[in-house]
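Two complexes come next, and they have one chain in common, chain A, joined by chain B in the first and chain C in the second.
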Partner chain A sequence: MLELEHVWKSYRIGALGSKRLTAVRDVSFQIAPGEVLSVVGESGSGKTTIGKMVLQLASVTRGTIRLDGADVTARGHRERKAYYRRVQGVFQDPFSSYNPIFKADRVLETVRESYFPRTGRGEWNEKVENSLQAVRLDPGSVLGKYPHQLSGGQLQRMLIARALLLDIEVLVADEIISMLDASTRIDVLNLLGELKERGLGVLFITHDLSLANYISERVVIMRHGAVVETGATGTVFGDPRHPYSRNLLASVPQLHRKWSDDPATPQELEPDGDRSVDPPPLTRVGEQHWVAAHP
Partner chain B sequence: MSADLVLQTEIVGKRNEHLYFALRNRKVVIGSSIVLALLLLGVVGPFFLSSTPNEYVGPKSAAPSGDYWFGTTYFGQDVFAQFVHGLRSSYLVGALGGAIAFVIGLSVGFTAGYRGGLVDEFLNMITNVVLVLPALAVLIVISSYLEVRGVVSQAVIIGLFSWPWVAKAVRSQTFTLRNRDYVDLARLTGKRAPQIIVREVMPNMASYLLMAIILLFGGAILFAAMLDFIGLGPTNAVSLGTMMQQSMAWSALHLGLWWWFVPPGLAITAIVGSLYITNVGLDEVFNPKLREM
Partner chain C sequence: MALQVEDLKVHYRTTKGDVRALDGVSFSLADGEIMGLAGESGCGKTTLGKSLIRLDGRMRHVGGSAVLDDEELPIGDDRAMNARRWKEVSIIPQYSMSAMNPTRKIGKMTAELLRSRRISYRDIEDELVRRLELVGLSSKVLGNYPIELSGGMKQRMVMVLSTLLDPSLLIADEVTSALDVTNQKAVAETLVKFRDLGFVKSMIVVTHDLSLVYQIADTIMVMYAGRIVEKAPAETVIKSPRHPYTQALIGALPEVGLEYGTERLRSIPGRPPHLLDPPTGCRFRDRCPLAFEQCAEEPPAVAVADGHEVSCWKAAN
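And now, the complex of A and B:
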């Protein structure tokens, strides 16, 4: 169980860190094993920053992140390395996730170097093959290739295979399919579903509502660094209460609707204000449904 | 089957591509040949010649002959012996000064670029201070303070003052590379920062670093020659610069002793010029857009 409790993140910017930019404001949620939680929001809403904080690639300014009750924020290198055995991430751009001058399977080899230095070569190769097969990749056709010789979908699946080499409990998937083409998207998405079945908690970060609806049980909608609406996916998408959520849902292009039919006019929203103050509190509006106060 | 073969050769080809084009680039081949030939002369030559090139061995002011290939000085010293020893110390200054500058520049650049934030601002400040220091003036002051100046101390001084541009270039390259996802992925694999820099960031700028080494090497040789020429060279050794300074001091030009100052001047020009030509050639090797094909 991964829990975020009143997490804030502000970056220092400008000369000598004189200014601050608050990216995440007072965000709390949990991910249970075997659950996919989607974090949805526009660019700059702080969703990627949340993923980075969970992966400890960015420090937490205020608040705590707990894994099975133990605080995991800001620890030493040794503890962090142990943490990465249980929590792993896959990023948006498959081509940037691989060092272009090395072969792609080096990402698997470095895992062995760091975590399984004593595992024998034969045993390791078997482990690699198993995890590649678990993500439905043919070991023969992806091992020993350079990243530019593989497709985006293959590369993303190989990164998931890399995460599976460790005994992970939580996977942070930051826009992992937004750079893939339509036909491979659904494969990777279904793969996440299978991981969920295996008892993995997945933090699915996306800007695409239909993907969030497809894969996740619960959803968190973010805007300007704060949560505006959260709850069970069906409830939130079926009955959006916050005007921002309604705009988001209305802006999803649908297969059987044309632009010329009825261009939806989005509702006016309050502009981005002072981010250092507490965001509007969430109130419970139904079973498994919370929404932020709005004018 | 044939598709497999194509892929196979492509893998092999990528590895050796740079070497392949380097050996076929005229600039690289000619430039490095000259540099290596003179290096060979400087390294091997002294073993066959007197180890005291400043000794008065022959007739005074003799023109080049079979006995004294480059003639003798106004005092009867063997110019060829001096030249060979001078080559050796010039290369030593270049290698040592260049290496010191490279190591400092690399450390500062990587630390600033990778850490960012306040560390970066502090290191950047130091870099800028050293960059705007009038290096020549400082070197003159320091050199004239040292009673006995050797080739090594000269190289250290030069090295301490010529790193800033390397630091700046490495810092900005590291800045762009550290935001790549593969750096984050290496952190997720439990790697420490120095490991990430050496294994993920550095290989991506290997060609750039090679060219930085060459330019630092040539720069150090040139700077040493400049110091030597204004009389701040090594007091206990011969270098190409001190040879020219001596020939100037004893009016070799007016006395028509051209063999005294032409060889060292030509050698410095050849070494530095060839290094720059090699550098331009390597630029073409690493950047396919510049290849003349």
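And now, the complex of A and C:
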């Protein structure tokens, strides 16, 4: 169980860090094993920062992130390495995640070097084969290839296979679909569904509401660093209460509805204000449905 | 008829031989038509867009023609094309919003661009400001550097610039893909507005996002491996596609309301053929669930209904 409790993050920006930018404001949520939680929002809403904090690529300014009840903030290399055994991330661009000079399966080999130095070659190969099969890749057709010889979907699934080598409990998937073709993206999405059924907790970060709807049980909608609406996916998307969520849903291009059929103009929203103050509190509006106060 | 493309062939030169990115493409575009051009990466949709305005150093015009407003475009002749760029054919290239000169204020950059066409910035400034306001940008952005604008603002700025000289044909290449949904909608609707106001006569919207292009396009053309597989009114392509590739592409789209637990979407197995040495016959054959013997021969484009053309043996029967 991964828990975020009142997490804040501010970055120092400007010359010599003279200004502060608050990217994440008072965000709390949990991800249970076998659950996909989607974090949805526009660019600059702080969704990627949350992923980075969970992966300890950015420090937490205030609040705590806990994994099975223990604070995850690692002190020193050894603790960090132990943490990465349990939590791994996959990012947006599979093409730049690989070093083009080396063969693609080097990403798997580096896991062996740092985590399983004593595992024998035969045993390791078997482990690699199993995890590739878990992501529905044919080992024969991807091992020994260079990144440019593989498709984006294959590369992305190989990165997930790399994470699976470590018996992880939580996977942070930051926009892992958006660079892929329509024909292959659904493979990766279905794969997340299978991993979920095997008990993995997935933090699925996306700007695409239809993907969030398809794969996750619960959704968190963010704006300007704070949560505006959260709850069970069906409830939130079926009955969005916050004007921002409604605007967002109305803008999604869909095949069964044209924008021109629904001439409702998007509601004006309050502009980005002082981010250092507490965001509007969430109130419960239904079973499994919370919404932030709005004018 | 604004644009008439006939058997257009454009190849990429590589050390291994010619990659046939466009291998005999024919279609026409009516006045005022917005055509969506969809397909997987590497199907030739960007190449088609680029061929109509500027071939880069690796591209070679092998055959076929494109006629714009009763005048043939000199596709292979870079110099002759230059006189037509921006005024007759214009493009919003992929990632162009990140391609604005970061060291120039936007107004100055625009003036420099116009000078290359021997047009005075002063003469056109009023019109420029009017159009900026139309897309929701204040004239203040002309005094800003690109870094001061958000992604959506930059994209709209580039759109205004590309259409400033009222081109007859606009090619919009993946203009929405780097934006989030709210900006996506604003940008897509701006394209329609430009057509309605007559800033551009007709438009080709290149995208991989079928559900987005369905919102704004009059017709949709689907490409696969350097060829056109289906062209029809947008409504027909989405609601009753005839080509198995189009059907598979639409079947792989997640929609709001669809959940993993209730219904499983399916991808298209395999990957597109390499165009260095494309297969004979139907190019979708290896991935097609309906393939049979006749597919070894090349399927002709058949009109199954008014304005609905399909290149498939099964769909034609």
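Just so it is clear, the second predicted complex is superposed on the first by the 287 of 295 C-alpha atoms of A that agree within 3 Å, B and C clash if a C-alpha of one lies under 4 Å from a C-alpha of the other, contacts with A are read in each partner's own complex, and residues count from 1 in each chain.
Keep in mind that, in the parts below, a contact is a pair of C-beta atoms (placed from the backbone, for glycine too) under 8 Å apart; a residue touches a chain by one contact, two chains touch by 3 or more.
Remember, it's a predicted structure, so these values are computed and weren't measured experimentally.
J.: Sharing chain A, do chain B and chain C clash or fit in the superposition?
T.: After superposition on chain A, chain B vs chain C: fit, no clash.
J.: Who does A:Gln88 touch here: chain B (first), chain C (second), both, or neither?
T.: In the superposition, A:Gln88 contacts chain B only.
J.: With the two structures laid over each other on chain A, which partner does A:Val111 touch: chain B (first), chain C (second), both, or neither?
T.: first
J.: Between chain B (first) and chain C (second), which does A:Trp8 come into contact with in this model arrangement: first, second, both, or neither?
T.: neither
J.: With the C-alpha centre of chain A at the apex, what angle separates the C-alpha centres of chain B and chain C, reported to the nearest 10°?
T.: After fitting both complexes on chain A, the angle is 80 degrees.
J.: In the overlaid three-chain picture, which partner chain does A:Asn99 touch, first (chain B) or second (chain C), both, or neither?
T.: The first partner, chain B, only.
J.: Looking at A:Leu55 after the superposition, I want to know if it touches chain B, chain C, both of them or none. Which is it: first, second, both, neither?
T.: It touches chain B, and chain C stays clear.
J.: How far apart, in Å, are the nearest Cα atoms of chain B and chain C after the overlay?
T.: Minimum C-alpha separation, chain B to chain C, in the superposed model is 9 Å.
J.: Which residues would you name on chain A as touching chain B in one complex and chain C in the other?
T.: On chain A, no residue contacts both chain B in one structure and chain C in the other.
J.: Considering only the defined contacts, which chain B positions touch chain A in the complex?
T.: It is residues 7, 10-11, 14, 117-118, 121, 180-182, 184-192, 200, 203-204 of chain B that touch chain A.
J.: Which residues of chain A touch chain B in their complex?
T.: 12, 15-17, 55, 57, 77, 80-81, 84, 88-89, 91-93, 96-102, 107, 110-111, 113-115, 144-146, 149, 159
J.: Which residues of chain C touch chain A in the complex?
T.: 40-41, 151, 179-185, 188-189, 208-212, 214-215, 238, 248-250, 252-260, 264-268, 271
J.: Would you mind writing out the residues of chain A in touch with chain C in their complex?
T.: So the residues of chain A touching chain C come out as 42-43, 151-153, 181-187, 189-190, 193, 207-211, 213-215, 233-234, 237, 247-249, 251-256, 258-260, 266.
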